[in-house]
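Heads up, the next two complexes both have subunit A, just with different partners, subunit B and then subunit C.
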Partner chain A sequence: MDPSSKQGKEQPISIYQGHALIVTTVVGVGVLYMQRGIAQTAGADGIWTILLGGLLAMLELYILTKLLQRFPKQHSTVWMPRLLGSEKRSGVGKILALPFFFAIALFWISASALACRTFGEVLVTAIFPLTPMSVILLTLLVTAVFVASTPVEVIARFNEFLLPVLYLPVILIFAVWAKEGEWLNMLPLFQLSWKEAGLGILVSFFAFSGSSIVFAFMGYYQQPEKAVKAHMSAIAVIILIYWIVTAASVAVFGPDELKRLMWPTLDLVKSAEFPGMILERLESGLIAIWVVAVFTTLVNLLAALIDIIVRLFRIQDRSRKWIGLALIPVLYFLAIWPKDIQDLFFWNWIVGVYSPLVSITVGLILLAIALLRRKKGGDPHVPTPPTS
Partner chain B sequence: MRRRRERTKEKKLQERSQKQLQDKVGDRKVSADLEENIRFISQVLGDGADLITRKFTIQYAPDRQAALLYLDGMSNVPLLDNFVLRPMMLQGEQVKNKTELWDLIFESLLHTGETKKQTEMRSMVESLLSGDAILFVDGCTEGAVIGAKGWQQRGVTDPKSESVIRGSREGFTENLRVNTALIRRRLKDPDLRMKNYKIGVRTNTNVSVMYIEGVVDDAVVKEVEDRLKSIELDGILESGYIEEMIEDTHWTPFPGIQNTERPDAAVANLLEGKICILVDGTPNVLIAPAVFSQFYASPEDYYERYLIATFLRGLRLVAFLTALLLPALYIAFISFHPEMIPSKLAIAMAAGRASVPFPSIVEALVMEISVEILREASVRLPGPIGPTIGIVGALVIGEAAVSAGLVSPLMVIVVGMTTISSYANPSYNAAISVRLLRFPFMIVAAAFGLYGIMMSLMILLVHLIQLRSFGVPYMSPLAPLRISDVKDTLIRVPWPWMKKRPVTFRPGDDRREGET
Partner chain C sequence: MFPLLRPVRGWAVLCMLLALTGCWDAREVEERTSVIALGVDAHPQGYEVTVQVPNPLKVVGSGGSGGGGGEGGQAAVQLFTGVGKTLNDAMNEIRNQTNQRIFFGHTQLLMLGDQMARKGISGMLDALRRQQEIRRRQWALVVKGKAKDAMKASPKLEQIPMEYMVYLIANGVREGRYSSEGLSDLYSNIFNPGKQPILNFIEAEPEKVRWLGLAIMNKDRMVGLLPRKESQVLLQLRDEEVGESFNTPCHKRGYIVFQPQGLKRDVRIQFQGIRPVIRVNVDLRGEIVEKSCDVDLSRDPVIHALEKQVRRRYEHLAQTMVARLQKQFRTDACNFGNRVRAYYPQKWKQLDWSEAFSQADVRVNYHVKILRIGLEAK
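== the complex of A and B ==
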């Protein structure tokens, strides 16, 4: 007998781990450039459109959480076919659920491939001007797949452990803001027309993509009834991080210069100079720490993808790594697809729009069906979580 | 599934080896004929040169001879002479009442405490081999086992590998009984349980499992016992054998079971709900389950003031990271990120490296490997020469290498810091795993710089998180985070605030105070 089986009866993901999963997934490579897009649409007003965009992201995640809370401790691949299909023929529900899974998984796979490529571009620009992109992509992908094909509980603990590391650069950026920031750069505020403001809020909203991983992970929560609080606080933390980064960039560079910077966050750190600093320039250090943020995003998206595939096709838990290996060529192909950095930003933009679109649509449709058919969870057939 | 299959296989093996022992001794009973018994014992031991056979007559019944057998050097000879042989040879004639000789021996002629009647020849041989004396009397189909174990042994001395400034100076010894007594003396709790096993088909090593009933998680006890029972090996010479036979996975450089030489550390762990495994013949006691805290926690943390202990733990963690990463960071900075080094230092470094003909990875590897050789050699060198050679080697060779232009001066500092940092680790077997991991990090740093180091750290981290020791996650209480346990991890809070035992080890009784 394995003593972990005593624990195995429980669901593996604690409520704090759920919080960490959301934060680490949403905060990714986007923080290195998202303030440029905001400055382009909203100018100095970006510092408040980001807050409203964050509220929209909260709403998105709230819909998803409410939907998933109706089916506590059930995996999406279990309740969704049951919700959509009839009692007698389970196959129908499964076929009807497939498009939904496909829509969500499409985001996961494209977002992870693009995050990989974007970070690869950052590395090539800042550290490795001579290294071929394929080498960087492959190292990143292989490592991410290695981590992502571990059991779900390991993924959750991994995120939980790394969450504080994400706060380090934010503190650094805050310090740069305090030292180099010009308050005048942030003025004048409220210069936008209603249309521009709306666009600015939407653009800010698109920076918050990735919360759809709850479709894969919320079925493993120990206390799904507390998920709303954990998820809302996670989005609040992300809003705070984004706000500090955006406001610091606007304050240091001013909106007009900010529009022309390719990686504003890196330039922000480059300008950091403090008395008693051991290291001369910090951007390589920031990139090294930012590996953690990008890597957790990548790992969580891939883990969600692998988990859904494993559960949907009833594959043994042991073969997670084979599925991960099989995904590497697909991911590599998708990552190498954009032909240059312009093209890459275009695709990033498309995926950024696609993410909230798909999760709000899927969330609302399923919630409506659940309300109409009065279906709720509370089924005793709890999915057995994978044990290591 | 695979595990179960292995178990049944092991069981079969065990049965077979027991049969081998049976073939030799069989289920033979003690014979009524004294000569036959003696002949049989000496035949089983192959006419062992250390077997002492003393034949004598008990005056009460002069027609029946008796024989005392023991192994020279294993038994307490004065005890046997004074309290076994003397009364039987001299006092027999004073006895007046008419009882059977065999009963009389037990009633009044054997003056020792630990005495047992036995009929099975096999258990008689086992007792003889573990140092007891055995007694046969002509005409009796029973023998006696007289507890007279006593051999030369090392006394209780300072624990060599875990010395502290404040705290007990006693360390475990090679004798299992002394060790259990050292624990028992510090923990006078009737709930302290001790279970004995004989492991090793040929060495028949005594192994004791100790835990506090009610404090420990019963599932872990059962798991430890099951794994101990499944051990199938001919010899157990050190607790390291047991450690590798029962650990969760072999595919890791990190120790899945902690060990200690200090009785106070063992007791502290017992009180946290862990299990101690004591092995006869070694002063290293195993503690299971083990978690990552062994890399930065020392028993002394609990004896010194809590603020200082917290500071020291932080320091040891920094030392852990230094020992793991410093050479890799040096390589990464030199080869990929020279812009991060402050410009004045960068100029000095460039001047230092100007005469070095190798890339930094070769420089670092050569220096690290030579320091590892020096360390290994200074362990083998006798007594007082050891540390001298270490210092001479490091200083003289380092200095000469710099002036010969083989390595840069900064490299010598890096190597020195790394080596010293790895000694700051309170647990030796945890420290050597870091020594090993340093090299892959250096190679990755040479290929991918800081980015490569971070990626390797991610892999290392997920490996650590995935590890389990007897069902307990290795990185707990940090991942999974248990807020109530954090007060004894990177920080140590004062004792009055630690009223609960760590929940990481799922104790049966979690309160430290007010126990019933």
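== the complex of A and C ==
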């Protein structure tokens, strides 16, 4: 019997879907404003710090992928207790694994709540000045939870299907760059001191948060041995998207104006002229498309969260939606918490720093333990715990 | 999906449908007062804001007039004016006069009275930048006198007076005679330390509008008006626009008129110590469109001689213009500073560019090529 069909239910995620999951999770609302922070720290040099920041993000995901590849086709909730605990008493491992899960899940829940609020702020400033924030937040959250509580294979297909949509605005931004960009705005390059350059690279790196979802999803990969390629290509695609957005913003506005724009990507699209004056206000169109990008981020983070909760506490698979429903108030509370937009950007910054910090720390600790204790996934056909 | 909801599913769907009927921010087109042009003047109190609003009932093709006539000029629009210490203060006065919500999403023109422009516009630009409704893509002009009075002009050829101005500018830009820089460029020119904004300067008469030249700005303040001919040369040096035709004295009596059609500009900057040495080479190609002297244009030596004449004329104009920028306005409207910023970052940090520019050694060289002489063979 063909092994892949045997594992069809347990191992539903194809390698391309894994690629799509990473891209759609990392690319989200941050694309609407991350260039501003990069311009503030690195000026025109943001054009290359974003590339180096992306390489750091690649390194981060590489560590995670290598770690998870040692335990192919096993869910994190299965291998992590085994890795940490003793053979005899499985309870010890589970308790030791809890802080790790908590650290990662804290990122997922706060990042999704903040993404929701940030996009809400975009909507309120750009198109719906009179709509209450709570209505926007609840609409986004309820819809996202509704999708996120579907089985993992649905999430994977959802991402696979929506990935191409993310490319549309990038093409548009590229066109704006070609038309409105000024070469001189991107000069002079390499004016940073070492310290400033380091900071610029770090700030660029923090824009790439979200790849820790592999902790939830990689256990479902059909071919985890090919994951490195899929994940690295995903980060490469994200670097390309970010680079186009950053370089286009620098070229069109110049670093000095870019620093002052609240949502530079919207202004970038506003600067575009559509021939024939058919579509005059393209930024509404961009936001409409960007709903998809934000939504996939939300859904993936929440799905990862729900998946870990369900697996960790051995909750029945069809109860996912109840977990999701229970999460809505928490998410709403977190989302409404930042008291104003400055506070929101502050928390976005904190979560942006926290994400790579926790992924790399957790990844390296676990990898070190795995190497020291010489633990490997062993038999991939060990059944994952019964879920239904 | 939600088994507990099954009994109330019908009601749940109904409630959702009711909630889906609209959104908070729905404002239909007829529920808006769409501003086509926004004028800002200086006022003893602060700002005087004037907006021009087209009246949909009076515009051709609307239902009211049965697709027929319609009225034009000032009959087709209404003006609203408000005064205030801040721009929003003034706009609030306008809001209190209009029956519907005032909407700036379709504004195509920002007009600044020259008093306003000379006083400095950064305060009011801040108000515009914060408003998401204001498009970056709109024309910004300086008008002679008050913007409010310019809005009262009613040229006959266009139904909505401000559209006349928009087309006037758009057309001139297409032909390379006017500055193509709108509000978006104004913003980035103000914030880019190496650049200076320029704006089209127009004059409005009761039934006419006229482009007078370029308003030279030192960041957010207008420092002077560059006359028409010199403005053309500035556009050539700054934006590689072709500019309008010039008459050049023939070497015999009379004139020939050269119409530039293509242009390539090359700026080289070097430093003698801290003094910038700027050399601009302009490659100009075009045709002769008029001749009032007695020369035979079919002969090569004649053409060469004329090319030299045209070249001299342009170089002279360019030197006058640059000298005016250096001495009178002390403003680097050619944006040479941006090149220094980009290519000589170390020098840029040491220099006070506005000072350095006025001391700079600038020379403009033209290379003129006459490609055609029109339908006349001689």
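Definition applied: the second predicted complex is superposed on the first by the 367 of 388 C-alpha atoms of A that agree within 3 Å, B and C clash if a C-alpha of one lies under 4 Å from a C-alpha of the other, contacts with A are read in each partner's own complex, and residues count from 1 in each chain.
In this text, a contact is a pair of C-beta atoms (placed from the backbone, for glycine too) under 8 Å apart; a residue touches a chain by one contact, two chains touch by 3 or more.
Predicted model only: the values in this text are computed from it and were never measured.
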In the superposed arrangement, does A:Val147 touch subunit B (first), subunit C (second), both or neither?
first
After the superposition on A, what does A:Tyr16 contact: first (subunit B), second (subunit C), both or neither?
first
With the two complexes superposed on chain A, say which partner A:Gly285 touches: subunit B (first), subunit C (second), both, or neither.
first
Touched partner set for A:Ile350, first subunit B, second subunit C, both or neither:
neither
Using the superposition on chain A described above, determine whether A:Ala178 touches subunit B (first), subunit C (second), both, or neither.
neither
In the overlaid three-chain picture, which partner chain does A:Asp256 touch, first (subunit B) or second (subunit C), both, or neither?
second
Which partner does A:Lys321 reach: the first (subunit B), the second (subunit C), both, or neither?
second
Which superposed partner A:Leu371 touches (first subunit B, second subunit C, both, neither):
neither
So, does A:Phe158 touch the first partner subunit B, the second partner subunit C, both, or neither?
first
Of the two partners subunit B and subunit C, which one touches more residues belonging to subunit A?
B
On subunit A, the footprints of subunit B and subunit C overlap at residues 127-128, 280-281
Residue set of subunit B touching subunit A in the complex reads 217, 219-220, 222-223, 226, 336-337, 339-343, 346, 448-455, 458-459, 461-462, 465-466, 468, 470-471, 473, 475, 478-481, 506
Write out the stretch or stretches of subunit A touching subunit C in their complex.
125-132, 135, 184-185, 187-188, 191, 252-254, 256-257, 260, 267, 270-271, 273, 280-281, 321
Flag every residue of subunit A that touches subunit B in the complex, lowest number first.
1-4, 6-7, 14, 16-17, 123, 127-128, 139-140, 143, 146-147, 150-151, 154, 156-158, 160-162, 277-282, 284-285, 287-289, 291-292, 295, 388
State the interface residues of subunit C toward subunit A in the complex, per the touch definition above.
1-2, 23-25, 105-106, 129, 132, 135-137, 184, 187-188, 191-194, 338-339, 341-343, 345
